[in-house]
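Letters A, B, C, D, E and F mark the chains in the order given here, with residues in each chain numbered from 1 onward.
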Amino acid sequence: MPRYTNLQTFMRVPASKDLGSADVAIIGFPFDTGATWRVGARFGPAAIRQATAGLRPYHPTWRLAPLEHLKVVDYGDVQVVPGYTSETVDRASAELKDALVPTCVPIFLGGDHTVSFPELRAVAHHHGPVALVHFDAHTDTWDQQWGQPIGHGTPFWNALQEGLIDPGASIQLGLRGSLSVDGDWERPQRLGFEVVTMAEVDPFDADALAGRIRRRVGDRPVFLSFDIDALDPAYAPATGTPEVGGFTTREVIAVLRRLAGLRFVGFDLVEVLPQLDAPAQITAVAAANIVYEFLGRLAAARTPTQIGP
Amino acid sequence: MPRYTNLQTFMRVPASKDLGSADVAIIGFPFDTGATWRVGARFGPAAIRQATAGLRPYHPTWRLAPLEHLKVVDYGDVQVVPGYTSETVDRASAELKDALVPTCVPIFLGGDHTVSFPELRAVAHHHGPVALVHFDAHTDTWDQQWGQPIGHGTPFWNALQEGLIDPGASIQLGLRGSLSVDGDWERPQRLGFEVVTMAEVDPFDADALAGRIRRRVGDRPVFLSFDIDALDPAYAPATGTPEVGGFTTREVIAVLRRLAGLRFVGFDLVEVLPQLDAPAQITAVAAANIVYEFLGRLAAARTPTQIGP
Amino acid sequence: MPRYTNLQTFMRVPASKDLGSADVAIIGFPFDTGATWRVGARFGPAAIRQATAGLRPYHPTWRLAPLEHLKVVDYGDVQVVPGYTSETVDRASAELKDALVPTCVPIFLGGDHTVSFPELRAVAHHHGPVALVHFDAHTDTWDQQWGQPIGHGTPFWNALQEGLIDPGASIQLGLRGSLSVDGDWERPQRLGFEVVTMAEVDPFDADALAGRIRRRVGDRPVFLSFDIDALDPAYAPATGTPEVGGFTTREVIAVLRRLAGLRFVGFDLVEVLPQLDAPAQITAVAAANIVYEFLGRLAAARTPTQIGP
Amino acid sequence: MPRYTNLQTFMRVPASKDLGSADVAIIGFPFDTGATWRVGARFGPAAIRQATAGLRPYHPTWRLAPLEHLKVVDYGDVQVVPGYTSETVDRASAELKDALVPTCVPIFLGGDHTVSFPELRAVAHHHGPVALVHFDAHTDTWDQQWGQPIGHGTPFWNALQEGLIDPGASIQLGLRGSLSVDGDWERPQRLGFEVVTMAEVDPFDADALAGRIRRRVGDRPVFLSFDIDALDPAYAPATGTPEVGGFTTREVIAVLRRLAGLRFVGFDLVEVLPQLDAPAQITAVAAANIVYEFLGRLAAARTPTQIGP
Amino acid sequence: MPRYTNLQTFMRVPASKDLGSADVAIIGFPFDTGATWRVGARFGPAAIRQATAGLRPYHPTWRLAPLEHLKVVDYGDVQVVPGYTSETVDRASAELKDALVPTCVPIFLGGDHTVSFPELRAVAHHHGPVALVHFDAHTDTWDQQWGQPIGHGTPFWNALQEGLIDPGASIQLGLRGSLSVDGDWERPQRLGFEVVTMAEVDPFDADALAGRIRRRVGDRPVFLSFDIDALDPAYAPATGTPEVGGFTTREVIAVLRRLAGLRFVGFDLVEVLPQLDAPAQITAVAAANIVYEFLGRLAAARTPTQIGP
Amino acid sequence: MPRYTNLQTFMRVPASKDLGSADVAIIGFPFDTGATWRVGARFGPAAIRQATAGLRPYHPTWRLAPLEHLKVVDYGDVQVVPGYTSETVDRASAELKDALVPTCVPIFLGGDHTVSFPELRAVAHHHGPVALVHFDAHTDTWDQQWGQPIGHGTPFWNALQEGLIDPGASIQLGLRGSLSVDGDWERPQRLGFEVVTMAEVDPFDADALAGRIRRRVGDRPVFLSFDIDALDPAYAPATGTPEVGGFTTREVIAVLRRLAGLRFVGFDLVEVLPQLDAPAQITAVAAANIVYEFLGRLAAARTPTQIGP
């Protein structure tokens, strides 16, 4: 059947709440109460699922069909309480801790970046503190926003407070744009993160960037958090806090394909705002393809022969 | 959970291919190869399902929650062959004849109006020739389009040729706009249909229109086909062949609520083109609400006390 | 061939600059320098021509195909000087006086309402002062805008100054919305026009409105100027100075169809801004259909038997 | 200067935080954390202010320029805490109680409907319990949403709990659409409100509706809360929970113009979502015009001679 | 006259069905029944013609005005049968064989990529098998889609079956994205094509890419087929099957300008979907400019002095 | 307060018509009568101001908060006469000469490029002839457009005629696209400008480009005019005359950050058309960020320690 037909799970994988036997779970997290400017990421999971109508089974870089090597299920969405952040965070943390098992790698579809905090609670519950590979225009390590403790600018501070991340093995890439205060970029560094600003990215060298990531995380369990605003607004216009001067999709994909050998225990893709993506929905298409790269990466790790870029 | 979350079946009813025990089946028919001007109705089923996030359980006119009185399932989509009309029509006719049972009322989500032909094949297979109640700006009774036998301008001619409709018990409402040839409006009348043009609708009288429908169809099995272009483009901009001067949603709903006592055996809602519905998607919202009226109508018919407008 | 294909003249009539033997000429006037708020009516002619892909040959009210009874040509566009109003007005007046002949009825596609002034110069050149039937939310009889003499708020004042209109035989319909100064509505009345505000339209009575028009213009040569903002923004969102509370298309068409017996010598349809009409372009569709009513009206006037609403 | 230029206060009135000598204050309330489906009403105040570029000074019904009879200032926006409802409600209540004085009538621009609760706190603080005239598709009298006490479905329940509304003098108009539970419409009636569903509105009679309102509120201080979804989605597509079958702008304006003699102490206009209003922004235009009717209503009440529809 | 005015042929060249004395013919092919995901390329020819309002006469790289060196006419559109692929292919093949002459280079404006098959039939009819230079994200050499023999994924397979292409002199550039099956990229290679995937393009070297093309095609007659999805979705969002990670316009133009000396006998530009291009229409603008490069290329080939990038 | 709230001055700086004590004045110039193709730049100033909701105080490259080092005020908009170019130019020139003082650096937000002419009159009035650094796809040095002397294609010719620019110290960057006549690119060179076409930009070298600019302007007073169409349409779709093959934002920002030591006396940012920027408004976001770079540049010039890219 044409891929745009039928009920839209991610890439038409089976829907299931039972993750016990799954290798990978696609989990929507339709929450956007943490957003500070534009809103609407609550519709991100549905839009990304729909955009997977553009994904075909076979990944030419890895020469395999990810879904043949991985048992992938679509969990549907985590339960949220729109407008209520701490309620959502606590409820979702609990739901995810229960639902996940160590052998199942979750791929979360946000939602604004707030969602990474409860996701990390669940992932660290099963794997201990993770190395964070964080693509984003922003550091998301504020300790408050508007005086409140949790929002899309604070998830990694929230996670650090609970010991969910190993900052010494973590790295942020793509930082750029204007800052709230002096120190916004020094802050993650003081917290222990390595940071790569866009000014360091030119001239672009995928091997060098991938090398920095690989050296940073080593053999620790890795959680890769991809804020779609790591991409330039030309490539991902539909996001909440766009920053000019970002990555192209070619660059991002080149880096992602060079991350062989990392021990991924979770991913998320956040901050897609479908209301701002009409009519061609290229942001959702980019998001779907980046998630597809995660799947390809996971599948390739399970095959004897490693082929790559 | 918020209604906009999770995998989007129609109103979050269970997904099922087994219609044996269902009272109502929502069936998507994502086909638009029959369109003569604007295209994109293939995305109609997904958009209407998404728009049901705006539907709540309880219908205040009938004072009941339709899903409590009816077992409704979402069948997903019929299999289609994009770009190939006769293949799709034949394949879908067969699939639907098999899938449907007489006790299950199908509600089809188009798709361009071509889809009514294979739908009627399946419905008439179980119920014999049906009385057609047809809301549309156009007659859709051409005997060809561009010299080809099947398309969105021909479904009821196609159906008549196979004896699927009882024209003497059928009625078309909402005709308007420019015509291809002299005789386009006389044609359905010669074929036996009653027709109601928009010129006859003013001043609007819901009771009179509902009365004409009720008298026409009597106690025969009824298939109600609703082309969204029966509505004015102000109310349903995202359609393939919009015609100004159409119904308002208030008028259409007023008529639909007055159709008590009809023996409905099937419905469809066709010609929603989501690519033309950005950003507010009011056409999909209108479509979802009209389908909700079908459900309300069916549920009310099963309850002892009839309450209404 | 499908009507949406090929080079887009209005309804696929022949393109010709020679109007000598034509009954009707479609003439684009792609000028919008006179606009006071939103701009973009310069793209109106192209958008309306494209929207005629939705028009079919046969008019069911008049039971005739207008193009079989009238020789209609598409003149293309009048020459304009973007950004320079008086140059455009003078150049276009001269071009139109030359191009038109008394036996050819022009139908102008604007452009902002400024264009009615040079149009009326050309029409009155051949027919003497005309009776104006003017559908609009605004009076367009200011004597200046921002201190300048010509713009889309002044065309009928400009025309009166040159004796192109017979105000005593003229009528304005659809006035509503906020005004610049006390007297904006009394002004056209003092100038001799009859005015019908929207407050007088409810409850709507097409016969009464048409009667007022017919009585007003009598047997004089009539120029009908239709500003698309006579329609409510729900029906015509893509316009420069939208005013809520306007006509529906059903109402407008009902009135237009009741104007039998008028001696039309020209029409225009102005203030369509295609940049604001995406994605479903319902304003251009409405405009195309209203022009089609003009054609139907003209064709019906030439046939022995008058059939109508 | 053209009205679309310069810093965009409402109708270019002066910006001022000092309401002591103002007759009317325009106050933005850019908060949308309470929304249950579509989000983005936080941008409503800015969009409505921009749309006032389409408003001219003089109101033809009342034959006066409201800004000449009323000292109107634009307060700017109330302080909000995005994502945190109770913090926002409490902070805004305090700010508004301080800022407002009894002689200044506030006109609030939402924001989602949550904002009516803190607004009513401030208004009732100065005037005592108010008669509520509430145009809306929904009752907004739930006692919780997703188990939380405050949101855009609860403001009038919240207000009733604190005695801010006199339900026996209050009325809701425009109710329609599907409901969460049996009793959603009976609930406001049990709480003491009069309700007018859309089913009661046809055939439309502005005098009758205005009469019901006038009789209901008598000479009590009146707060008029206008949810833009009282309008049909054709007229106001850009809203969070659109319901088909609503009022037209012509109808709403006709009713508002018939509310002479009411003692208005406050207004709000809520639920405009500009992200869904592109490109023609007709929802913001409708909102601006409805607020203009409020101003006209207030100004007319201060003039000796009452002229009207 | 301003280039955005008047009836829209490509760059305002004369419309003519007589190609006997033309050097170049612009030929629209408004067909999209072959599309597998998003639809609407039927409106591509009209949109690209409109976008040529942005093209001025003089090409600075070649220091000439192409239309002064080439007699270019706009043929209008080929006749199509919407919804019927084999009928369209056969009818168009016949029409094009008749209309074209060897001395006239056609530039086709699609339509979906299905159209390359009948185009190649006509071109090869006059020139024998051609060398194909194919810019695309996809190979378009499937032997069926959904079990049917012709569609936008099959044109070059269809052409190979009839010997219209010399695969040993042909090259595909820009391949990327997920594939239907293992072998989708090996397939064209097995058929004899040279393929250049996007992974090979970085770091970008226009001379090297142009060199590969030039070496591949030698002095054979060349047909250049440009699927707009060769560009990244950031540069060409409005296309049917967008794939992230594509060419920039700067890169594509740099390559095209380096193709001196090739013996071009035909071009096409396909897969522009204007319904997805609102509001800024950058895809149509890109398409128009790429076609302009074709014209510049052809004109430069006819002038004694070769100037270039 | 959230930055998207309250009355929208640029970055929420104070509104003031008194520039006497300001270091920098943001001045809107909402005029677009000079546009030759797409229109709507009159709404540019409002849209750019709104997009500054995305700008935070601190610039990480310069390690300072520009607004702490510079007294910046928002002047509002210059008075314009829509539709009347010479009136606007003369009135604005006079207003700006009066309003500006030598110690206040104006940053103008256009408007179409016509506005640079009156801006330069005012700036040169205080500083003498300026060195022009001009980012643009076009030279804007025509001596007429449509036979008229002033428009968005002529500002620098107009300025040269009045001796406002020192062409020998001026440079244009980003030229590309088709030209009106042979000589369009030689013309600025003959007038004395240095020109850098996009063909010279690859491979991109920010230091080299900045070096060319620095060498060109030396220590003269510099006016930097940035036409947003210097960016590629992928990065700035919402502009009047888009040209493919332009700069990326990363490139432009890299160059701007390397312009230390220039003596800037004025800036403008022109040709943003918000009507074409829906829904994600990335063009306005890019414009706001480029202006922010201007501010950062000015602030950094005032601090003892120069830090940079």
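Here is the rule we go by: contacts are C-beta pairs under 8 Å (C-beta built on N, C-alpha and C of every residue); 3 or more make two chains touch, one makes a residue touch a chain.
Every value quoted in this text rests on a predicted model; they were computed, and no experiment measured them.
A.B. asks: How many links in the shortest chain of touching chains run from chain A to chain D?
C.D. replies: Graph distance in the chain contact network comes out at 1.
A.B. asks: If I superpose chain A onto chain E using their CA atoms, what angle of rotation comes out, to the nearest 5 degrees?
C.D. replies: Rounded to 5 degrees, the superposing rotation is 120 degrees.
A.B. asks: For the copies chain B and chain C, give the interface type as same if over half of its residue numbers appear on both sides, and as different if under half do.
C.D. replies: Shared-number fraction below one half, so different.
A.B. asks: Please identify the chain with the largest separation between its CA centroid and the CA centroid of chain E.
C.D. replies: D
A.B. asks: I'd like to verify one number: the distance from the centre of chain C to the centre of chain F, where each centre is the average of its C-alpha atoms, in whole angstrom.
C.D. replies: The computed centroid separation for chain C versus chain F comes out at 40 Å.
A.B. asks: Using mean C-alpha positions as chain centres, tell me how far chain B is from chain F in Å, no decimals.
C.D. replies: It comes to 55 Å between the two C-alpha centres.
A.B. asks: Measuring centre to centre with CA averages, how many angstrom lie between chain E and chain F?
C.D. replies: 37
A.B. asks: What are the residues of chain B that contact at least two other chains?
C.D. replies: 2, 4, 36, 42, 82, 146, 232, 234, 275-276, 278-279
A.B. asks: Taking the complex as given, what residues does chain B use to touch chain E?
C.D. replies: The contact residues of chain B facing chain E are 32-36, 38-40, 42, 81-85, 87, 145-148, 151, 275-276.
A.B. asks: Inside the complex, what are the residues of chain A that reach chain F?
C.D. replies: Result: residues 36-37, 146, 175, 177-182, 184-185, 197-199, 202, 232-234, 237-239, 241-246, 275-278 of chain A touch chain F.
A.B. asks: For the complex, give me every residue of chain B touching chain D.
C.D. replies: Its residues touching chain D are 2-4, 53-61, 63-65, 206, 232, 234-235, 248-250, 253-254, 279-280, 282, 285-286, 289, 292, 309.
A.B. asks: Looking at the complex, which residues from chain C come into contact with chain E?
C.D. replies: On the chain C side, the touching residues are 1-2, 4-9, 15, 28, 30, 42-43, 45-46, 49-50, 74, 76-77, 79-80, 82, 275, 278-279.
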